[in-house]
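What follows is chain A paired twice: with chain B in the first complex and chain C in the second.
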Partner chain A sequence: MTALPTWAWRVADLEVRRLFSYRVDFWVSFVVSTGVQLLASYFLWLAVFEHTGRDTVGGYSFQALVYYSMMAPLFTRAVRGKEFGLISDEIYDGSLSRFLLYPIPMFGYKLTLHAAHVGMTSLQLLLGFAAYALTAGLPAGHTTSAGSIALGLSALLAASVLHFFLSLILEMVAFWAEGIWSLLVMLRFVTSFLGGGHIPLTLFPEQMQQAMAWLPFPYLVSFPLLCFQGEMGLADWAIGVGAIAAWSLIFGLIALRVWRKGTLQFTGVGM
Partner chain B sequence: MLRYLRLYAAFVRFSFSKAMVFRLDFSFRIVMDLIYYAVNLAFYGVITSHSEQLAGWDSGQVRIFVSGYLLLDAIAMTLFSTNLWMFSKAVNTGELDYHLVRPVSSLFFLSLREFAANSFVNLLMAAGIMAWAIGSYSESFSAGRVILYLALILNGTLLYYVLQMLTAVPVFWTQSGMGLQGLFHQMARLMERPDGVFRGWSRKIVTIFVPFALMASFPARVLFSAEVDYGLLLHLAAVTAAFWGILLFVWARGLRAYSSASS
Partner chain C sequence: MIHVEHLSKSFRVFQKDPGFRGSLRSLFKRKWIEKHALKDLNLHVGPGEIVGLVGANGAGKTTAVKMLAGIIHPTSGTANVLGHTPWQRKNAFRREIALLMGQKAQLWWDLPAGDCFELLRDIYSLPEAEFRKTLGSLTAMLGVEGQLRTQIRRLSLGERMKMEIIAALLHQPKVVFLDEPTIGLDLTAQRAVRKFLLEYRASHRPAMILTSHYMEDIEQLCERIVILREGEKVFDGPLADIQRAHSVRKVVIARLGEPAAGSEAAWERFELPAAWASAVRRTAEEVRYSVDRGRVAEAASRMLQGMPVADLSIEEEDISNLIEALLHRRPQ
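Up next, the complex of A and B:
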């Protein structure tokens, strides 16, 4: 247990280096993705506001919606961390066997890899925020501060652990099924839309909003983003993080059970 | 031509046999695309619940537009997207050699040999969504206009292919994992917006330089207009022909730069 920080730092360091071996891809992808998102959102919401003539839609002004539309995909991307290939590739090619022998816990190792990705994409998120704040300015009424940024990032970190367990469960379906890539894409679609990665959840019909409050998805994107924007007080933050912890515990236990079942029938020869 | 059709029929037969071996994956992929369709319809459903019109289109017209890009996406996924994903690997591993020595067009073979059987099922569903969107619209369209619309969606699919291929071909020079295809998929989101929302410089970008608005939005505009706008059709034809020409040029240059397995 005392050795945990040493190997974890080393694993994270190696993963960051690996990520930066394609640093042009990493940054160009970030810049183009953010630019396209901004372009598509700005003109879409402009058309909506011009047609309706209203000052707000779903409680958001035009500037606030454009800002939300740019930040939400950055949060979605950050919370996903290492989205694909957490463990399924190793199940398919049989190299998972090493985790059954190495003195490193598999979940801890994979969570560290995931955290390295979350760290890097969170850095992009902060850069995107700074660039937007400096060029366009924050929407009127926004109370983003150093404190709210800290609350937002800590909520994001907690949400990324929840996403890790959701992804891990789907990846471990590889013990039984031959192709699980599509399951992860399904998770991406669902978390983006029901998590508030496309549009703020307050724009959804009232009944749907009530139903979604019972699901883990709003805690993945919308909740950290609202904390970041200063729309959640310390008490709301604590309740939200508590809910994330509860969901993480549930999915963590499911992941553990799936892992035990899966490894029992894992042959180690690959598929 | 007949030889190519026979070859393509063989690709399709082989793809269905392969898909039936991996049945669970086949089913997962069908569900995945269904979720994609549902999310897109719901996204515009939420938007139009707050605004009766979007860039001059009512909710029924927006639904038809959405069904257009869903159909286009399904055709692309069925016919060539899988192939284009694998293209960079073929270049980087030297596997391309085997395709270059075959007595058929290398572009044809590399672009179409993997027919995605699961996406074909989704193509049928996307077509069903379009039939529902057009059928439930408050006004009816003439058969000729619907046929023209479908032809323009096919033209949009060709343009989608050309742009995706143009982002894949740079792998001849960059030797990177995916070429610039990641960028293509990010930019392709512009296809999912009605062209009417863009104006000024942004309109020039999406209608000329990265012409995603021409793929599903212009065809929908032709469907909804009272008279056929021949200027619009000419624009579509000119941009498609220009991009096709660019692709053939870049492809020829890329093959010249290809250094086989060592690349």
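Up next, the complex of A and C:
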């Protein structure tokens, strides 16, 4: 890899330090949301299993589903990195001019910030995983290993770039419209539901699963998590990462076009 | 260094009626109106020149500056700054210019100023030794060495402005745009900033365009001013020319001595013909008349006769009054 420009290191460094020092809520929200998620899914699946009297649902044991319900939100959180307020606020209040004025690429700058967040949320993911594995133990039949964790994390990294472009495009709608909050909430919903952030995608109807394979969303959460759990071989991993790269390229190009058009008619309101 | 030809900008803004019904209506049907913020500006600025851009609120000053710094695209016209078209935003261009907005913070809100400067050093890839030297002298000149570790958002307005000025000049730009750089500063700080800008000009010979509502700034920093009125340039020339061309009056000031018993009311009874003189100020200590240039001698002699004058002086009309008159005079 060619060396990153020095400003990129500085931006990442400043952001990580900021997350560590100023943002208590970053850690509190991690602990609280993970705990709540775990409890909620525990009781939900308990009720489902007791009510139906079955040993497995969609091939998942009770333990496997509880485990999935805890890991999937952690993966969702990680892939989002710095999700809200990527650029829309700056378009809205005019501070975008900083990126027009300073000789740095806006995409590169924002991607660096995003990467810093993904680094932090991945760290949380690993902590959550370790805590679960040490206290409850992994569900029977899981083949998580150092190798599968490496595959999972690298897939997650690739997926976070794809997510970055997706949310960047939506945020840049702020060039034309005020109040794009609803769009961002939609993206949130779509990524976590269609991405497998709540329940395993294999629980969805067969036809829906087939249709979704043509969309980028399963690659955001479900795919990295399956890699992480050792359910994907090296070949599967390579194909998946290739698909992520292709989607990222497509959305990256769209984002670039939107950026060109947007800055062309940016008026620097609020300056 | 800066060449502007026929530069125009109009904004499309939609009009929304107030209230809930207005909002509802605007969902379906929007009334767009064209707002001409800048019309056909021609301007040339050379190295070492500071041009003051003056105009009433909404005259188009910020709009002009934003286009020249490349932040927004014009509706029509061309500009050439250091051989580049600003709104193409080539890196070579961006490395050589600076824009300072008094109204709007550029620096990272929740970083300490020191971190912002380090980041800028990386962004502009400034050599370490040179960076330290420039930063040291800039902070010392503006007296903000003590605040480098404070987050920008915790600084006072004046302290923040000084940091913004330092940030703008760290990479030693050849072209500098300053949009109200002294807004909200106390008198000492204003003076410090002015002195600082003059020193920067002397050492770097940049082309500068400065907007300000403070006449002090304009008088002390700019040899040349450009006056905008409703987006149109109405004057471009040396400050002194305004006085020569537009000053038709002088101010005659009489300071009054101790009033003799019974003559208290002398200054109250005193009047000059309204046809060529108007009173600016009349108190027991001082009487001030603005007088047509041709009648100055007559006014002085009448004042000496009519009141117990201790001291008489004749001054040019205040430049800010002249400019103000130019700003607001309706086009014929």
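Rule of thumb we're sticking to: the second predicted complex is superposed on the first by the 261 of 271 C-alpha atoms of A that agree within 3 Å, B and C clash if a C-alpha of one lies under 4 Å from a C-alpha of the other, contacts with A are read in each partner's own complex, and residues count from 1 in each chain.
Basically, contacts are C-beta pairs under 8 Å (C-beta built on N, C-alpha and C of every residue); 3 or more make two chains touch, one makes a residue touch a chain.
Note that the coordinates shown come from a computational prediction; the quantities given were computed from them, not determined experimentally.
**Student:** Between chain B (first) and chain C (second), which does A:28 come into contact with in this model arrangement: first, second, both, or neither?
**Tutor:** Only chain B is touched by A:28; chain C is not.
**Student:** Let me test your reading of the model: by the given contact rule, A:253 touches which partner, first (chain B), second (chain C), both or neither?
**Tutor:** neither
**Student:** For A:11, is the partner it touches chain B (first), chain C (second), both, or none of the two (neither)?
**Tutor:** A:11: touches chain C, not chain B.
**Student:** Tell me the contact category for A:265 with respect to chain B and chain C: first, second, both or neither.
**Tutor:** Touch status of A:265: second partner only.
**Student:** Which partner chains sit in contact with A:98 here, chain B, chain C, both or neither? Use first/second/both/neither.
**Tutor:** Touch status of A:98: second partner only.
**Student:** So, A:198: does it touch chain B (first), chain C (second), both, or neither?
**Tutor:** A:198 sits against chain B, while chain C stays out of touch.
**Student:** Which partner does A:213 reach: the first (chain B), the second (chain C), both, or neither?
**Tutor:** In the superposed model, A:213 contacts neither chain B nor chain C.
**Student:** Go through the superposed model and pick first if A:44 touches only chain B, second if only chain C, both, or neither.
**Tutor:** The answer is first: A:44 touches chain B but not chain C.
**Student:** Compare chain B and chain C by how many residues of chain A each one touches, and report the one with more.
**Tutor:** Of chain B and chain C, more residues of chain A lie in contact with B.
**Student:** Can you list the residues of chain A that touch chain B in one structure and chain C in the other?
**Tutor:** 22
**Student:** Of all residues in chain A, which touch chain B in the complex?
**Tutor:** Going by the criterion above, the answer is residues 22, 25, 28-29, 32-33, 36-37, 39-40, 43-44, 46-48, 51-52, 57-58, 177-180, 182-183, 185-186, 189-190, 192-193, 198-199, 203-205.
**Student:** For chain C, which residues count as touching chain A in their complex?
**Tutor:** Those in contact with chain A are residues 11, 62, 66, 69-73, 89, 91, 94-95, 97, 99, 101, 103-106, 110-111, 115, 118-120, 122-125.
**Student:** Looking at the complex, which residues from chain A come into contact with chain C?
**Tutor:** Contacts found on chain A: 5-7, 9-11, 14, 18, 22, 94-95, 97-98, 100-104, 264-268, 270-271.
**Student:** For chain B, which residues count as touching chain A in their complex?
**Tutor:** Within the complex, chain B contacts chain A at residues 22, 24-25, 28-29, 31-32, 35-36, 39, 42-43, 46-47, 49-55, 176-178, 182-183, 186-187, 189-190, 192-194, 196-199, 202, 205.
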